[in-house]
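As written, the chains take the letters A, B, C and D, and residue 1 is the first residue of each chain.
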Amino acid sequence: MAVDTLTVNGAVGVDHDHRESYLTTGHGILSWLFTLDHKRIGVMYLVAILTSFFLGGVFALLVRTELLTPGQTIMTADAYNKMFTLHGAVMIFLFIIPGIPAALGNFVLPLMLGAKDVALPRLNLTSFWFWMIGAVFSLVSIIVGAVDTGWTFYTPYSTTTSTAVISMTLGVFILGFSSIFTGLNFIVTIHKMRPEGMTWFKMPLFLWGLYSTAIIQVLATPVLGITLLLLIAERALGVGIFDPTLGGDPVLYQHFFWFYSHPAVYIMILPAMGIMSELMSVFSHKHIFGYRFIAWSSIAIAIFSFLVWGHHMFTSGQSGLTNMIFSALTFSVAIPSAVKVFNWLATMYKGSIELAAPMLYALSFLFLFAIGGLTGLFLGALSTDVHLHDTYFVVAHFHYVMFGGTVIAFLGGLHYWWPKMFGRMYSERWAQLAALLVFVGFNLTFFTQFVMGSHGMPRRYYNYLEEFTRFHQASTVGSYVLGLGFFIMAGYLIHSLFRGERASANPWGAATLEWETSSPPPANNFDRELIAGDPYDLESLRYEPAIKGWVRKDPTSIVAAEGGAT
Amino acid sequence: MTASRITDHLVGLAGALPDDRSFWMPPQVSTVAQGVDWLFHFILAISVFFFLLIVAVMVVFIIRYRRRGGRAAEPSPSHNMALEVTWTVIPLLLVVAIFGFGFKGYLDMSTPPANAYEILVDAQKWNWSFTYPNGYVDADLHVPVDRPVRLVLSSQDVIHSLYIPSFRIKMDVVPGRYSKAWFEATQPGEYDLFCAEYCGTSHSDMIANVIVHPVGEFETWLEKASNFLETMTPVEAGRKLYQVRGCQQCHSVDGSAKTGPSFLGIFGHEQALADGSSVIADENYIRESILEPQAKVVAGFDPVMPTYQGRLSDPEISAIIEYLKSLDTTTSEE
Amino acid sequence: MAGHSHDAHHDPDLAHHFESADQQFQSAKLGMWIFLATEILFFGGLFVAYSVYRSNHPEIFIYGHHFLDKGLGALNTVVLIFSSFTIAWAVRAAQLRQIKLLKLLLVATIACAFVFLGVKYVEYSTKWKHGLLWASKYDPHVEDHGEAPHGGEDEAHGAAEMSAETAPSEGNGGAAAATTAAGSAGTEAGAEIDSGTQETPGTPETSPAGEERSNIPVAAEGPGGLAADDGTADHDEVGDEPRKAQIFFSIYFLMTGLHGIHVIGGIVAMLWLLRCAFRGDFDGGHFTRVDMVALYWHVVDLIWIYLFLLLYLIH
Amino acid sequence: MAEHSEGGVHVASLKLLVVVLIALMFGTWLTVSATYVDLGALNIWIGLAIATGKAALVGLYYMHLRWDKPFNAFVFLTAFVLLGLFVGITMMDSAHYQHVIIPDWPNK
């Protein structure tokens, strides 16, 4: 125990081999599968979603390869339709939505609160198992003939196609509950388990991100649940709510679907913005600029996200009045997003910018998210959207936001918390190379798609006009570069697990509480009660070359008076 | 820097495009196109400005404040209300303006003039058919130049979406309801019409041509096209109907089975039916199969064909039958 | 909610990661309330579907509700409200450690739940007997259509045929519809074309006309012979069947069905409580679980209060 | 009105629970009998008003919201607000596009 306290203070060199960490307490696969430890659940989630990401990535590369030439290249039209559906469904429901909250959030949130665990550990484990069951159902659908509806499952196509829609939708239905439980857990944890000294506006901004995300998760996901339930009932029984041949209304389905699926976009981006706030501050070694504006803008985005679903339906037969209302409301989301970007930039001002791998991702986020956000303006404006809707312009736009935004931030966060999770450093040089390849590959893949889209190349096309061939080929080449980047990343991250240099408690110089415990943390996170100060007061730290890490100038500053956890 | 590499690359790509279009947009062939493109480039200008601003600031800061030789951060305020309010309000004003322009343009698109020429559009997996006021049906959309045309769209099966990039119009075609779209073409020529809402296997082949006829020529075209039953031989007329009335989406003429049986050499031959019985494919059977597709379904196929009751006239059906006869490879006559 | 097994603790009910019993209780409670909020939105979807169809086609609800039994509905309402009372009392009992009373009240509540399901069973079986089922199975005693095929797609067609066959029997409304259809199909031969195409441009605009048509209960529209449907509740007032009447029954079965599933869930939860009670888990005054289940059960009751009003008590 | 268990949590008095029960039963009777009086469009709103009153009773007393942390009530009510938004906008939109729906599709 004494050793722990010392190393936690970071005052002496760390010798992990003699220490117990959450990774070493408890052995055997069962000690993982049935753990209530948020850190282990987080790691299991990480493995699970990275597997999904790999799967979705393979589908993506197959799709891009098929599009190298017009007409058939490597697969039939039906195979292609299933391929892009699987890419969408896997990436969205299995990877991006749980990605940051369930994997990184689960690991980091209690640590940032100086807490021992999330408020409801059993629910946390349940959430993970629901994810697994949901994933199984979704993947079973691949075996029993896959799904060819597109990830949006629009009726009446989805109610009439012969493919395995029920299995997939049931899977997504269950994944929905997994997402609800995570969100619910986070809200309760943030409300009830903040440490002494951490008022709402002393919370790290990543927690604000997770909190606003959780609000959307619990309030929007149930609607997805009922929508998919109705869709299943539609197929299995023929209840006819959405089926015109039975007197139903297909446009009503779109209202149902987007009432969830638009807020879901912010489930994806809000935690990413939270990570950005951490990275920009820590790697500029500078206090975040405009904390309150950033915090409030997260809540604002969460609220606005419920008011804009109809902008997916401008050409769907939705009434003109509704179109006008939704177009107007849609632009409201642009404001808080812009505020965040400017505040992140301002954070760099007069900072001491360290271009470590996580920061490289943060910077590419700024670059890519700017493009993604600005191209949203074209789609929010009614007259231009009529032309651009359902073209590659939309595909490019949401990939710039979802990949250029969320995935890039996720990678940034992964590299940022990797040492904390596994107690090892990865190879910085390789990491920077991978970051560069991802950046270049991504732009090559998707910027070309903006041009195709504005020229009228519709999405979800297996075959296309000759004039688009060169764009498609450029895009496909880009996707290969992207793939190579991830291949390298997988390589050095796995390598680091075994050969990586031992990480100190606080290798980056961050002031949030998760860096106050050893890397990797012990099973019960902290051996002392902590009091939280300003999470961005980076002046309170100094670099200690001996341990290649940062330590508090005044180690006692964050130790609660009574000390020692019960 | 990679950004420049990408732009170079794109400039190269732009060469791949037909030269009647700008770098971003297809040719402007409808009255609304100009307004849409104006807004597009207006937003583009704003976007480029802010994008360059953000990247420039970013790059400058990186160079200026790069961490070298333990250079520490210099103190500076951690927030500045005035500044933050400014960059909240400026974007706000801009987006309000963008919304306004977008909405105005949308109103123009969604309110057709009273005197518009009416064409019925019927979408089904996976082809379009266009019905002209005199009842003539064609697989391509022929329209007169400089005259408002109003489309009344309906779908036989799933949701489709009519999209003509050069006209900047798009409208979903939802089963069970009529949707409307209108445009006024401004220059003669041939343009693409896509299905923009995913509708299954051949979604990407659900394409038609839009032919904008010069002044006066449209009427003569319609006149000539309408009485193809007289001007063509029954077999040719039958082939035309086979092509434009959605037969060929499901029935091949080369013997390969698609959604439905191939027409090659079925006429006059015995067909095994789903219910186990069999029937000779004679004139009456074919007529029945067109009007009541579910009555005698050929074994091995699903009863999914929509009825053509009231959608094909007797002469048209006869023409189709003649066409099927012409596909009979053998000489045997029962 | 116990914490890690390897984490010894003075109070067995307090998880290792909480500082105080109150913090733990409040956490559980907040969690439960959030869950209840999600339940509301989950059911909410069905209420949206209800409102959309009710506001646009009031006639099908006025028509359909005649086939529901107000008496049984009211009975179920009373039963559920009473069960709400018993479980609320159960919470009080748990708080005051009156374990015997607690067990008794839990049993009472479970009994009410079963009565509720019993009544529902009676209602469902009547509907089944008269073929008053959801859209694709909606077949109020028309023998020759008895066998609606299974499976989404086929059903669509089945239904299509069904109505197609009754189309000829339509009155003037039907005739008008036929012309609009001509427009939509747009491929009518000969003279009909003109009428068709002259009609169609109008069709979308003639909203009032269109509305009227769908509202006038034209005799013998839809599956014929329903008007002569016998045996179902207060049949005398039943007018002729409007279009889309099947949607009412789809909504009825979806809403009551989903609610029924929640009732079953409640029964399971309360049986679990009973087991805990017998195991003596509540002897220490640790009543959180009872409180949570009670909250859930009250929401089940709340939802029914609205279902009863919106499905049975249409005027 | 109410005793307190050592947990500091509120315990509703039995008397109160019974009173609420009676009120709820009365409400039910009222709702049913209200439907036999023809008030035209008003019926549904009256019905909803009574139902909401009943819901409020259950929420405030049986579910302890009256004595609970206000935030719990806030969470619960948020769900209804959002639901209202969903219902409102969807109803408005559907009402606007009803006239383009082909009454007896797909009979042709």
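The working rule: a contact is a pair of C-beta atoms (placed from the backbone, for glycine too) under 8 Å apart; a residue touches a chain by one contact, two chains touch by 3 or more.
Computed from a prediction, not measured in an experiment: that's the story for all the values here.
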Chain whose averaged C-alpha position falls nearest the assembly-wide average: A
Contact-richer chain pair (by C-beta pairs counted) among A-D and C-D: C-D
Chain A and chain C, separation of their C-alpha mean positions in angstrom: 36
Intercentroid distance (Cα basis), chain D paired with chain C, Å: 16
Whole-Å separation of chain centres (CA-atom averages), chain B against chain D: 47
For chain A, residues contacting two or more additional chains: 156, 160, 191, 219, 223, 244-245, 249, 251-252, 255, 317, 320
Chain B, residues touching no fewer than two other chains: 154, 175-180, 310
Contacts with 2+ other chains: residues of chain C: 26, 30, 34, 37-38, 40-41, 44, 48, 52, 153, 157, 160, 184-185, 204, 243
Complex interface listing, chain B residues touching chain A: 2-3, 5-6, 9-10, 13-14, 16-18, 21, 23-26, 32, 35-36, 39-40, 43-44, 46-47, 50-51, 54-55, 57-58, 61-62, 65-67, 70-76, 78-80, 83-84, 87-88, 91-92, 95-96, 98-99, 101-110, 157-159, 161, 163, 165-166, 168-172, 174-177, 179, 192, 194-205
Residues on chain D engaged by chain B in the complex (per definition of touch): 97, 100-102, 105-106, 108
Touch list for chain C against partner chain D, complex: 21-22, 25-26, 29-30, 33-34, 36-38, 40-41, 44, 47-48, 51-52, 55-56, 70, 74, 77-78, 81-82, 84-85, 88-89, 91-92, 95-96, 160, 163-164, 166-167, 170, 173-174, 177-178, 180-181, 184-185, 204-207, 210-211, 213-214, 221, 243, 285, 294-295, 298, 301-302, 305-306, 308-309, 313-315
Residues of chain D that touch chain C when the two form their complex: 3, 5-9, 11-12, 14, 17-18, 20-21, 24-25, 28, 31-32, 34-35, 38-39, 43-44, 47-48, 50-51, 54-55, 58-59, 61-63, 68-69, 71-72, 75-76, 78-80, 82-83, 86-87, 90-91, 94-95, 98-108
Touching residues on chain A, where the partner in the complex is chain C: 36-37, 110, 115-123, 156, 159-160, 162, 180, 184-185, 187-189, 191-193, 218-223, 225-227, 229-230, 233-241, 243, 245-249, 252, 255-256, 523-524, 566
